[in-house]
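Across the two complexes that follow, chain A remains constant while its partner is chain B and subsequently chain C.
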Partner chain A sequence: MDITFEQVTHVYGRKTPFEKRALNNVSIHIPSGSFTSIIGHTGSGKSTLVQHINGILKPSAGRITVGDFVIRANEKKQNLKALREKVGFVFQYPEHQLFEETIIKDVCFGPMNFGVSEAEATKRAEECLQLVGLPSQLWHRSPFDLSGGQMRRVAIAGVLAVRPQVIILDEPTAGLDPMGREEILSLFKDLHERLNLTIVMVTHNMSDAANYSDQVIVMDGGKPLMAGAPERIFSQVDQLRKVGLDIPETMEFLNRLLDRVGKKETIPAFTINEAADAVIKILGGVKDHV
Partner chain B sequence: MFNLVIGQYVPLDSYVHRLDPRSKLISVFLFVIIVFLANNWLTNALMVLFCLAGILLSKMHFSFIYRGLRSVFIIVLITFLLNLFLASGGTVLFSWGWLHVTTNGLFQSIFIAIRILVIIVVTTLLTLTTSPIEITDGMESLLKPLKKLKMPVHEFALMMSISLRFIPTLLEETEKIIKAQAARGSDFTSGSLKSRIKAIVPLLVPLFVGAFKRAEDLAMAMEARGYHGDVGRTKLHQLSWTWRDTLLLAAIVLLALLLLLVRN
Partner chain C sequence: MEKIIEVSDLSYRYSDEHPFVLKDINFTVNKGEWLSIVGHNGSGKSTLAKCLNGLILPQKGTVKVGGYTTSDEEAIWEVRRLVGMVFQNPDNQFVGATVQDDVAFGMENHGVSREVMKERLSEALRLVKMDDFAKSEPYRLSGGQKQRVAIAGIVALQPLIIIMDEATSMLDPEGRKEIIQTVRALNKKHHLTVISITHDLEEAIHSDRLLVMNEGKMIREGKPRDLFKSTDLLRKVGLDLPFTVKMRNELRAKGVPLSDTALFQEELVDELWTLHSSK
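Here is the complex of A and B:
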């Protein structure tokens, strides 16, 4: 499902003293089957932007197209439920959505809302809890006894169980340890590749944005500043610095190395292996390493 | 999502904002009593004028206050209609079955509607222009005499300031939970009454869990910072009573006298 924003503006608290223009005339395109990362300084409108994709927020002006669904400003009743079945959303704070007595029941909540039978929902729930790596002895416990990271996994399972075609992740790895982060991101990468899911991820981690996505959108002050392949985006070091963003550590390292040897260029390298290759190239060393 | 204006503080710089919370509290208290003196067109007009003056002096936008009042209009409307049909006396304007609308009934219900609106506007104005901290400081100061009677005035004020402080947080939280559950296909706005009531459970449970957790965290943070109750506690903001506050009280007394003079 292609996602297109056309001149979308979102104003919070319109006509109150707290009025805040969080999105300003945003036009972007997220192709079907892509893995798109959205980065930007805190308060730049990332969450506001992605919450338009499943109709949680309505635009104050402009138009959003998601597959066959069209959301316009000033339109009252829309078939949002059908849209939300197709577009799953993992929120920034998972503790806001857990409520059932047991974890497995909580994961079933989504699918059953969309008309899946209890038996089928339970089957999907078990499958998805397995996928997110939550030990099965926890499944029949209360979700409130879990740690923050485990809650996040349950929340993710709850979204996967609906079997959406688009998944939106708002800082999905907040509260996870490095191992857990790797696991969860690999899971989404795998779903993306295996089932051709469209993934939109908001993140503060430049390395994650660089490593996992094929498109990066940089938000600044409610506007998209740049959009493109991670290699292209992260080469614009000065632009990123200006809006308070960093580049992946591997690139930072290479930049300093290039500085030391007196070369003026940037090499986009996001994984340790790519960085190692680049180092060898810069230093003009061994050709056939492993 | 929420147009609730009551209980919200809007930090601006105006005469009303700068008044001592004690004078504002006393004035609102007196005003709410005085309102019941109004019983004809002139006295009601005076009350409305007083409110308008207050709004003007507070630099609040009328549209903002109007939007906040929209949610209580339904209550005002119901009382209006009840009074319209129940009050008797005067000439009959029209009848419909056993229901009669009389001139008296019409005037009475208009007055009562004005009375409710005026009370709501004044109390809203108090919370809009006075921060929760100021309100509780003012309360505590006004209730100080009760401490002699071993009343837990300080604890009461603390409880109140904490609850007031967390109203916006709770609303924000509610909004986030509604969003999260809506994304999972929960529907609060359509379907049968039964299904709507059922849709409230996924909203209330996280809300309560969050509130209890926050209360625990807050208690711990307060203890960690050495909070030990009332004894020997000083205030960050000292209240100061100026001539403006005396003027406000004088205005209220004047209003009361005027009302006593011109009421029927």
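Here is the complex of A and C:
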């Protein structure tokens, strides 16, 4: 499902002393089947932006198209339920939303809410719990007996069980330890590749944005500042710094080294392996001049 | 060196049906040091933190803080006055309607007189660089600013030890930097003993000493520089490595003759530069 924003503006608390323009005339395109990361400083409009994709927020002006669905400003009657079945939303700290007596019931809640029979919902729940890697001996226990990381996976299974085509992730790894972070991100990468899911991820982690996405959108002051492949975006070091963003630590390190050897260039390298190769090249390349 | 905390043979479980989440833990904390306790989620490090100010009491062994034993009912309030704790979620710790009310709350509870309170309030806010926000309401603050207010509330009580329980894990990178800078200043300039419970090793490399927890046991202890020489163990218990260590290991594996000591990016750049200029 292609996602398109056309001149979308969102104003919070209109006609109150707290009026705030959180999105300002935003036009962006997220292609079907892409993995898009949205980065930006706290308060830049990232979360507001993604909450428009499944109609949690409605635009004050402009138009959003998600597949066949169109959401316009000032339009009352919209079939948001059908849209929300297609667009799953994993909120920040989704484990806070678990509520059922057992894990399996919790995962069934989503699909049954969309009219799926109990038998079918149970089947899907089992599939999705397997997908997120939760051992079956735990399925009939209370979700509240699990560790934080496991609870988060149950919450994610609940979103997957609705079988959305688009998944929105708002800081999916916040508060997780490094191993948990890697597990969750590889899970979405895998889902993205195997099921051709469109993924939109809001993140503060530049390395995650660089390593997992094929498109990065940079938000600043309610507007998209730039959009493109990670290699291109993270080469704009000065621009990113100006809006309070870092570059992936691999590149930060290379910049320090380049600075020291007196070279002025930017090397987009996102993994440790790529960065190490670049280091060797920088050192070797300089040696030839000596 | 003066020992401010002594933990001996500490074991703890939440109830009789549950397994022990802390098993035979022994360590001491020196006055004025910055100690990090690291381990993956569920390794027992937060439970351990709660033992250090008597929020929970061990079933076996003892915890002594500044000479007081936490299981001594007479001493528990003294222990809690000595040990301040900053928790993970900035939104769960704000009780006052404004920044200054929030910082004053703890002092009121401890019966500090109004004159003294005023003095300590402004001093504490200055320390965490929140003096310009004294009259601000919490919803106008960022996560990092809220955590700094939480720290000010603790500093105002003049404790000897401050425990940060994953206090940066819900913050954005900028908030994280603010907190690390604040804590460093408290530790270096004001000689407060800092215990940081964390799984962020980029933060932990700044501390004086590290304790590594896994499955309720303390499995290693040492200076960051020594500990990160043997990286297999840390990987095995589900901890990531600091960036510089990963980079250094990768370069060594690719045949670059580097030492195994660099912990900070500047150090590794220096070493590479030296290597390159001596060619």
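Details
Operating definition for what follows: the second predicted complex is superposed on the first by the 275 of 290 C-alpha atoms of A that agree within 3 Å, B and C clash if a C-alpha of one lies under 4 Å from a C-alpha of the other, contacts with A are read in each partner's own complex, and residues count from 1 in each chain.
Heads up, the rule we're going with is that a contact is a pair of C-beta atoms (placed from the backbone, for glycine too) under 8 Å apart; a residue touches a chain by one contact, two chains touch by 3 or more.
This one's a predicted model, so the numbers in the text were calculated from it and none came from an experiment.
In the superposed model, A:T42 makes contact with chain C only, not with chain B. Comparing chain B with chain C, the partner in contact with more residues of chain A is C.
Residue contacts after overlaying the shared chain place A:G180 against chain C, while chain B stays out of touching range. Once the two complexes are overlaid on the shared chain, A:A275 sits against chain C while remaining clear of chain B.
Partner chain A is touched in their complex by these residues of chain B: 10, 12, 61, 63-64, 67, 173, 176-177, 179-187, 201-202, 205-206, 209-210.
Those residues of chain A lying in contact with chain B across their complex are 15-17, 51, 54, 56, 80-81, 84-85, 88-89, 91, 93, 95-99, 109-110, 113-114, 144, 158-159, 162.
Chain A meets chain C in the complex at residues 41-42, 147-149, 174-180, 204-205, 244, 246, 249-250, 252-253, 256-257, 260-261, 272-273, 275-277, 279-280, 283, 286-287, 290.
If you check the complex, the residues on chain C that touch chain A are 40-42, 88, 142-143, 166, 169-170, 172-175, 199, 201, 238-240, 243-244, 246-247, 250-251, 254, 256, 265-266, 268-269, 272-273, 275-276, 279.
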